[in-house]
Amino acid sequence: MPIEQRCTIVEMTPLNDSTWWMTLEVGKMVEEQGLRAGQFLHVACGEGNLLRRPISVACVLADEPENTAALIFEVKGEGTRWLAGRKVGEQVNVLGPLGNGFSVEERGRYLLVGGGIGVPPLLGYAEAYHKNAVAVLGFRSADRVILAERFRECCKEVYLCTDDGSLGRHGFVDAQVRDILEKEKDFTAILACGPKPMLKSVAKVAAEYGVPCQVSMEERMACGVGACLGCAIQMADGTMKHVCKDGPVFDAREVEWNV
Amino acid sequence: MSKVELSVELAGVKLKNPIVVASGTFGFGREYGQFYDLSELGGICAKGLTLHRREGNPPPRIAETPMGILNSVGLQNPGVDAFIAEELPELRKHDLAVIANISGNTPEEYGIMCEKLSAAGVDMIEVNISCPNVKAGGLAYGTKPELAAEVTKVAKEHATVPVMVKLSPNVTDITEIARAVADAGADALSLINTLRGMRIDVNTRRPILKMNTGGLSGPAVLPVAVRMVWEVASAVNLPILGMGGVAKGEDAAQLMLAGASAVAVGTACFADPYAPIKVRDELAEIACVQGHGKVSDLTGGVRPW
Amino acid sequence: MSKVELSVELAGVKLKNPIVVASGTFGFGREYGQFYDLSELGGICAKGLTLHRREGNPPPRIAETPMGILNSVGLQNPGVDAFIAEELPELRKHDLAVIANISGNTPEEYGIMCEKLSAAGVDMIEVNISCPNVKAGGLAYGTKPELAAEVTKVAKEHATVPVMVKLSPNVTDITEIARAVADAGADALSLINTLRGMRIDVNTRRPILKMNTGGLSGPAVLPVAVRMVWEVASAVNLPILGMGGVAKGEDAAQLMLAGASAVAVGTACFADPYAPIKVRDELAEIACVQGHGKVSDLTGGVRPW
Amino acid sequence: MPIEQRCTIVEMTPLNDSTWWMTLEVGKMVEEQGLRAGQFLHVACGEGNLLRRPISVACVLADEPENTAALIFEVKGEGTRWLAGRKVGEQVNVLGPLGNGFSVEERGRYLLVGGGIGVPPLLGYAEAYHKNAVAVLGFRSADRVILAERFRECCKEVYLCTDDGSLGRHGFVDAQVRDILEKEKDFTAILACGPKPMLKSVAKVAAEYGVPCQVSMEERMACGVGACLGCAIQMADGTMKHVCKDGPVFDAREVEWNV
């Protein structure tokens, strides 16, 4: 059940020139509402911006620091610019926990596939499956890379790709995913987050190799709780589902990719 | 808090307080019902219904604008029967007036829905002749006095509960439509629906909304809503549910002074789920400080120059 | 800064950059001319003129609303002759297009003013058929296609410089008026004028404006302006001066993509005297980043879905 | 000539529960533009408020602290509430100097008449005519009184009036002004600032006793510089003048009081 809460910022660290790691004291959201990575918080971004901004939870810490959640966000427009201007000790008003997060099993083996600012929501899963998950992380270029070290610390293997070849493999993540699945298909599921074209290609590869694939989707939101029907995405069966309430994570087979 | 009498009447329907939530911004109450008991509200205008289930428009459906939002949801809803079977019983567990909001492709569809909803026992029916997001019918009914009157007449013939007609602000003279609808027998009017607007992503050169244009709501439209409520209240003798941009008690007080008997809160919920409750309490406070025994004393109290 | 070609053409009038200041928000240029050289601007739509001097409406004339303002200035101006004698020579000391904005009580008044102003050598005449703050004539011309056409025709007959007609957004279908005006011979269109709105002081129960209602401008109206410019650009084949809520380069780019050849900045000046210059520079930056050689490449470039 | 400037706040002191003394570093406005008391600054009040707020200059210090101006304002609505939330060291964006201020002679003897938040703009004049001016200051009640000590320090005489009689004379300032003029009319002029009904009564008394009277008027403003014609007030001759450009100080005889 979502609640509205003013959360104190306990950490604010730049990861590159436009991406921030913000740790929030989220209190009861962890203890009582079971907040977890892959869900999102709907963050009020100052008086000048009417709507809240959805930001995924990258990871949750029940202790040290107690009941905190990390949001990692990129400055895109006015809302995220406002957010980037906040300082440790200030408070932000958030709604949460919202959405479902990835659906995982305790002993699963997961292939995590992240692109750009889609990488952070996978962090919590990488940490949860310590030294068991494999990660494929894609970025535009070397200077956009974030969280690579943290993934290396907790994943079995980490493959980096960049669109321009300035670091790691040259090209998109789906090529790397294909190579991995070609060698071994024994993953419980692929968990993917990133831009829609990337998700589409990953979903395609996953389908080819018969590996279940969950994708975390984005859509423009108003309410964030399922009331306004704003954040619709089209399903393969012709119906609409809503990113904030039914997602953001969907079974890749359910999504209509050709729109 | 204050000792002001909050209850008001809207076309014979008693609301325990004048704050209603606006159609399409509050679903069928389930979501915001997680935050507080819906009995705190005077009433709910449920998400707009059509005769048959609709999936609505393709995304993106939401664009932010200065102190406003554009939406092109396009009446996504489960259909009137599903509402009656699954949503109405849930809403009835709470103590608030249930106002069904309906849109039809033809006057006949409005008639059928009015019959079903009356039989199912909603407290009131809000006839939406003004949704700018549907191609068939929709806006045209709300911009032509004769069509608006026709839909109203059919609705009245088939409804056994009060019928409130929701007016579009996208017209040259809203009093003309209001008069036509009043003459056709409407029991109340609600206004304003959304103003048509557009936002373009200058990088992709694409309109942000997949429908190209959408309906503007939120604080940006408040002054237009106040003006139109005042004009309509001066032109026809029907109770008014005022809305458009209400985010504070003062906003609601403005609409009531302009002539509204009750006020709906919509877009403000998206930023703050508690907005309707806050508006209610701030409104009561304003009435109290001004020494009124009842909030309803505000209605029509503006003293034009 | 950037190497983008900024000059544009509006009905044959060359503007050194596409940023004009909106009528009534910039006086005759004297005040903001203290902050920077007016030659920085593409042009100025001067404060609305009438045949004879007018003192305008009683105060209060300004009310703030969420991201907007209401005004009921009511065409206070020294009259067309005084403009020609005292203001035009001052404006001519700077290198910018001078667009005279005129309002009449009758078509004949429009005609006389067009003659005088053409003879005096303004670069263009903006015919205001849409000011919501004057009782006689004013709004009615802008909401009735036949009247709008009549005024346009008379203006064209008496003007020897291009005639731009300024449209009101307070209409059901702006393309209907645009078409009528285009058919009557207008050389360009400007839009939008202000949306009619109202604000009530809940303590005194008085409308804040002494005229009760006024015209809404500022960022709040931007999405309505973008929509209307897009509609009008799709409906008629005339150059458009787009305006309404522009405060940033991105806003101007939206209006240009929607179909405007040039953009006017109005209300934004009140918060920031340098707003027109900033909008110009940000617009150039946008065009530059997108790899255009000329800002004029933006005009009409929206790709609707 | 007005300029736009970001000014650092060097003092922020509450004078009562809703009135603040804010000292701003106004730099060139004093040195180059000759900013003086009775003029006003047009103050940007945060992103949420589109329009600037006009606030009078209470007094100007060319030194100690150097080139500063004091603005004294009451919290009325959202703009002034935002302003009251600013802290020393922060900056506010202002336009100024704007308006005319009172027109005074070096050896004049002035009767200063202020009501409520109309008192501050007279402070600079009280200080300039050290021990020579007489002040009549009216407030709603004792707890609303501001600046009384400062006026006492620099005026020849100070008369306090309160509407409810909780301090000083019971009643409005015009009664006190009448009593003073009854005894001696030998003032160069009355300088008055306060709510319009007060100004009207003071103007009436001044006219009766044949004493010149200047009044500082308020009207809702947009541009603050004379461009929008928003801040019109009606003149006795039927024309309109503008508070921001022609005022805020007018000769009381020129103003049309019966509107």
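Per-chain numbering from 1; labels A, B, C and D assigned in written order.
Keep in mind that, in the parts below, a contact is a pair of C-beta atoms (placed from the backbone, for glycine too) under 8 Å apart; a residue touches a chain by one contact, two chains touch by 3 or more.
This structure is a prediction, so every number in the text was calculated from the model and none was measured.
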What chains do chain B and chain C have as common neighbours?
none
Could you state the distance in Å from the CA-based centre of chain C to that of chain D?
36
Between chain A and chain C, what is the separation of their C-alpha centroids in Å?
46
Where the CA atoms of chain B average out and where those of chain D average out, how many Å apart are those spots?
46
For chain B, write out the residues touching at least two other chains, lowest number first.
63, 67-68, 218-219
Specify, in ascending order, the residues of chain A that touch 2 or more different other chains.
none
Quick one: do these chains touch in a line, a ring, a star, all-to-all (complete), or other?
ring
Interchain contacts, given as pairs of chains that touch:
A-B, A-D, B-C, C-D
As the complex stands, chain A meets chain D at residues 46-48
What part of chain C is in contact with chain D in the complex they form?
24-27, 30-32, 34-35, 47, 55-56, 58-64, 67-69, 71, 73, 76, 208, 218-219, 267, 269-274
Chain B residues touching chain C - in the complex, by the definition given at the top:
63, 65-68, 70, 143, 170-173, 195-200, 202-207, 210-213, 216, 218-224, 226-227, 230, 245, 247, 250, 253-254, 257-258, 286, 290, 301-305
Quick check: in the complex, which residue numbers of chain A touch chain B?
1-4, 44, 49-52, 95, 219-234, 238-240, 245, 259
